[in-house]
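Next come two complexes built around chain A: one with chain B, the other with chain C.
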Partner chain A sequence: MHRYSFVLYRPLQLIPVLFGISVLSFVLVKSIPGDPVRMLLGTKATPEAVARIRALYGLDEPLFMQYFYFLKNLGIGEMGQSILYKTPVLPLIADRVAPTLFLVIGSVLLTLLIAVPLASVAATWRGRAVDHAIRAFTTAGLGFPAFWLGIMLIILFSVKLGLFPVAGYGETVIDKLHHMILPCLTVALALSAVVTRNLRASMIAELASDHATAARAKGLSESWIFRRHILPNSLIPAINLLAINVGWLIGGSVVVETVFSLPGMGQLLVRAIFTRDYMVVQGVTLVFACATVLLNFIADVLTVAADPRVKL
Partner chain B sequence: MSLLEVRNLSIAAGASTLVEQVDLDLAEGEVLGLVGESGSGKTITCRALMRLLPAGELRISAGSIHLNGRDLARASEAEMRKVRGVEIGMIFQNPNSHLDPVMRIGDQIAESVRYHEGASAGEARSRAIELLRQVGIPDPARRMAAYPHEFSGGMRQRAMIAVALACRPKILIADEPTTALDVTVQAQVLRLLLDLRDRLGLAIVLVTHNLGVVAQTCDSLAVMYAGRVMERGPKRELLRMPAHPYTAALLGCQPGSANPAEPLPAIPGQPPAAGAFPAGCRFHPRCPRAAAICESERPALRALRDRRVAACHFAVAP
Partner chain C sequence: MKGKLKYGLILAGALAILAGDITIAAAEGVLTIGRREDGTTMDPIKTAQNVDFWVFSNMYDVLVRVDKTGTKLEPGLAESWTVSEDQLTYTFKLREAKFSDGSPITAGDAAWNLLRIRDHKESLWGATYSVIKDAVAEDDKTLVVTLNQPTASFLSTLAMPGVSILSKKATEADEAGLSDHPVSSGAFIMKEWRRGDTVVLERNPHFWEADRVSLDGIQWISVPDDNTRVLKLQAGELDCGIFIPFSRIAELKQDANLNVLLDPSTREDHLLINHEHPPLDKKEVRQALDLAIDEQAIVDTVTFGVGTVANSYIPAGALYYHKDNLVRPFDPAKAKEMLAAAGVSDLTLQYNVEAGNEVDEQTAVLIQQQAAQAGITINIMKIDPAAGWDELVAGNYDISVNYWTNDIIDPDQKTTFVLGHDTNMNYMTRYKNDAVKELVEKARVEFDPAKREQMYIDLQKMAKEDVNWIDLYYSPYRNACRKNIEAFYQNPLGRFFMEDTKKM
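Entry: the complex of A and B
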């Protein structure tokens, strides 16, 4: 069987996972304390009005029937109405996808851009001053919470130096890029700390490996060996590490979007939770869960691409 | 006239000397067996010839390694890069771990050619296919694209030989090349090495602890014990009439030379730990012929007759 044939049948295996996600997100929303109808109508509404709204939204039916409607509606892309915005949930979410996607992809790219050179330098000159400096940087990156780091970056780069906007998303592509640098950097600084450490450790192991010795016996220079043999081998565990951190990455985007007032899904979720906007919470949770599953799938494909020994 | 001339080579780890005063000569087309128990220093001697001792841990503390009028023991790192792979190739005990697991076999061969000779991708590729054919890998053009894990143990060892010979070195250092292989595959790989010697005029330093391998392949032998050469000479003579008690004891431990009905003889005791070598002759605590002089005076390597040397007070010309 071809090494990449899992790309075809792995999605089938994901069906039970997606089913589980749908049940969980449904139950999760149902178990939030507070009554959405009361939220909508206020405490002074008549019992008749409450009953009418309940019937309108199907909230008077048994739970499993509500789940069944939920699933049926999901199938046609119907996620219900936002109680707060009074619009359908799906377009509401669709509007917010771009900033979050930008943030996640941008953060991962920036993480690699930071972690690969730092780890290479630290592994090559391990035990020297530069290695200790990089270790201090990664310790700091692990220690600082994202919201604090984001605020510090705003103070330094936006307020003091005036290099980047304080908040918002911008209009044109260049403008958006300009706006997204600090949010991406906030996530990347934390994530690159973990990745740098992991990468440095695997690079040191690869530098001492038998195949590196064999490459030296071929008369290749250290820089050639590093590029052609050490780097490809040590990136494999880093891909796995990034895959494990996908959930953290999405959760972190909620915080960072709030700090930088980015009109993304994270911000939408936070606002929806505070206003008990059930349908929006449910919709965003579903999208986030599916995104996690999808990103892990992409990580699997990348692992297979990077390591010829892996069979999925 | 020797191709490679090692004189008085010593290797130290910190203050303790692990390999001392090793002399070796390798002529063109010669197969030199370097024999000894684990820990006798044969592997680090080989690494020293390539100047591949782990930096900061081991270093060449004395001696010279002459190759084509140059002393490799004093060569710079840049000069050594032009020696490794180009003038001296090296293969290792475990082909599983000494090939890059994520690089195609063909690329691992071709990269030396591209690096050292600046060859184009096409030239390097056709050289790699030719090398794979030479080491006996069937359907070489297709096998170029395979990864090491798709090869069997014996095929991997053949591929590693092809990698080592990519830039047509005149000398091949083979560090226990058959130890990790099945007995039947061992014989095939040894035959391949001899075949390459005949066709390419390759000189081979064959490191092994297996006297059976030595008997099949080598022209001459150097027997090492506790970091020193105990005896050197042409294989046939040395195996038939060992001058050193250690060589004799090693031969006595071979399954073929013992009475099949009796338990296999063994040399009593353990080889000394590196850096904790006994005074006098390093073999004297285990030697059946040890006398008082062996405990106090270290026997020098002395010529017994043409091409035979041994380091034993009692060695006589056989």
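Entry: the complex of A and C
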């Protein structure tokens, strides 16, 4: 079989995964107590109005029927109606994709920009003061929660130094880029801590490997060896590590989007959960699940491309 | 080397652009307001939420408006009105006014809106307007409304944003599209709504009071995180911020760039009591509980002194508020005595509190400590907000903190809900007193203001005597604006007078 043949059959795995996720998200969101109609109508609503609006959204039907309607809607490419916004769910989500995508991609790029130089320095000068300093940074990066780190970055860079906007998404492309730097940095500081540690460890292993020794014996310079042998070989596990962390990244977007008031899917999800806007919760969960599966798939393709030995 | 230089230049250029002074101020004359949550609809009859109403009141006009003090009605789209001798027929004279699409606002539109909020299957306000028997346009400018029974509060219900005047023609043509391109009868038109994020309003040139409006537009921006919203305001990215946390008010008052605005509201926080759970069915036990709570300490600690102790279910400053109503002092020793006299020992109560609501959680802990001094044990149960109200409806609580804000200036709405209502079990307290209920009904149909006022004073005294719930505190709206914003004002019912607001 060809090395890349998994590209053809892997997408088929998506079907059972998505079915499982749709059942799970439906059951979970329905099993937490709470009522979207109560949230919508407020505390002054009469029981009659509550019953009428519940019926309007089919919430008085048996659970399996509600799930059946949900699947039926999916079949025709719809995700039902948001109870809170009284509008179809799909366009609601579509409007939110860009900021979240921007946040995730920007964070990953920024993570690599931070992690690769740090890990290289730490691995090259292993055991020296600079290595200890970098390890201290990674420990700190893991320890700070995003909601606190975000606010601290805002206070320093936006309020005190006036370099970046406090929060929001911006209007033009440049404006958006400008708005996204701090949120991406908030995510990247935590993520780069993980990546730096792993990258440093694999670089140290590679530096001591036979092929590196052989290269040194041939008289090649250390910097050449590092760029051509050590770095590419150490990056392969880092790609997988990033892919594993995509779920974490998307989860983190929920917090970061709230702190920086980015109109992304995470923020949409938070409010939907609080107001029990069932269709929106299910819709966003499905989109997140698809994204996670897709990004893992891309990571696999990249690994196969980067390492001729790998077969999937 | 050349390649590196090129990339270096590009990077430097990009950084220069990014780090340059890009304080993104909205266009001149556009007021940006940061609030916690975005609205949910542009159709006034389909919501009961303040976040929606506060936008509507500057987008749609109503027949009758509430004035700036929140205690009087003044003409809106109706320039005058007369009431028949039997209080059953109201005749409104509409002024010359146009919708934002240039078409005239007629009595036919007004009649259609009144019947729509009464009958529409998605209307949340059907019960409030079921008193309307019929609404008919006698001619283009004359609206006649007949009622099923005389109702003293009827005029004030016409000022509620739920019964905003929409264009009959435009709404009937495309009701689903109402939230995307509404036709407005008020000071501003909605240009864009990014759901969950921003509502963009623009000045309506066809508004009948267009001369009064100075702003070019308004942007309602959702900034869910309280800290971020305050920081955005301090950095000048917002002109105004609303829902400023109690804890930040003293600090923002020191900020030379900001004005902190604490406009009086009708918000009253109170402690619901489940009268069906013995021994809370005994009046003496409820009175003892009131004695065991130190409201002033709650005001000082939880609201940082911004609130004031509440002595009545009618908010201070509102119509018929009885300022001399009883305030029970904090007296744990006497509370203990009263409990013993009522034959109650080891009183243990379940206190439901909304999880994640900082103010309510602090209040609960404080009350728990205070009541302990009177020998009352309180078990705090944190419940998710979406589930909390269901628990109250089901009666799965002994006490629980809650709040109320008035939608109309007349006290009838709240009084009925908390003292004279059967279907909602008197706001879930299960409070029952037939004498009170009878008086609530009488006050509703009393048209002599002096007599009516006396009835509401009696009701406030009776409610306090019975301890239908425990009044905790009144609190103002908590807004802050940059110094260049003038006349940013919210009346006690929450209406912003954006037609007067100026951005210098």
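By definition in this document, the second predicted complex is superposed on the first by the 284 of 312 C-alpha atoms of A that agree within 3 Å, B and C clash if a C-alpha of one lies under 4 Å from a C-alpha of the other, contacts with A are read in each partner's own complex, and residues count from 1 in each chain.
We take it that contacts are C-beta pairs under 8 Å (C-beta built on N, C-alpha and C of every residue); 3 or more make two chains touch, one makes a residue touch a chain.
As the structure is a prediction and not an experimental result, all values here were calculated from the model.
**Student:** Which partner chains sit in contact with A:A306 here, chain B, chain C, both or neither? Use first/second/both/neither.
**Tutor:** In the superposed model, A:A306 contacts chain B only, not chain C.
**Student:** Counting only touches as set out at the top, which of chain B and chain C does A:K218 meet: first, second, both, neither?
**Tutor:** The first partner, chain B, only.
**Student:** Just checking: does A:A205 make contact with chain B only, chain C only, both, or neither of them? Give me first, second, both or neither.
**Tutor:** Neither chain B nor chain C is touched by A:A205.
**Student:** In this superposed model, does chain C or chain B come into contact with more residues of chain A?
**Tutor:** Answer, by number of touched residues of chain A: C.
**Student:** What is the contact status of A:I32 with respect to chain B (first) and chain C (second): first, second, both, or neither?
**Tutor:** second
**Student:** If you stack the two complexes on chain A, which partner ends up touching A:C290: first (chain B), second (chain C), both, or neither?
**Tutor:** Once the two structures are laid over each other on A, A:C290 reaches no partner at all.
**Student:** Using the touch definition from the top, say if A:S261 reaches chain B (first), chain C (second), both or neither.
**Tutor:** In the superposition, A:S261 contacts chain C only.
**Student:** First (chain B), second (chain C), both or neither: which does A:L101 touch?
**Tutor:** Neither partner.
**Student:** Once the two structures are superposed, pull the chain A residues common to the chain B and chain C interfaces.
**Tutor:** Common interface on chain A, chain B vs chain C: nothing in common.
**Student:** Quick check: in the complex, which residue numbers of chain A touch chain C?
**Tutor:** Chain A reaches chain C through residues 32-36, 38-49, 52-53, 56, 84-87, 92, 95-96, 147, 151, 154-155, 158-159, 162-171, 174-175, 177-178, 181, 258-261, 263, 267-268, 270-271, 274-276.
**Student:** Which stretch or stretches of chain B touch chain A in the complex?
**Tutor:** 50, 52, 80-86, 89-90, 92, 94, 97-103, 111-112, 115-116, 147, 149, 160, 163-164, 166-167
**Student:** Where on chain C does chain A make contact in their complex?
**Tutor:** Going by the criterion above, the answer is residues 17-19, 21-24, 37, 40-41, 43, 46-49, 121-122, 124, 126-127, 179, 194-198, 221-225, 227-229, 231-232, 234-235, 237, 384-387, 389-390, 402, 404, 407, 417, 423-424, 427.
**Student:** Would you pull the chain A residues touching chain B in the complex into a rising list?
**Tutor:** Per the touch definition, chain A meets chain B at residues 209-211, 213-221, 224, 228-229, 232-233, 236, 306-309.
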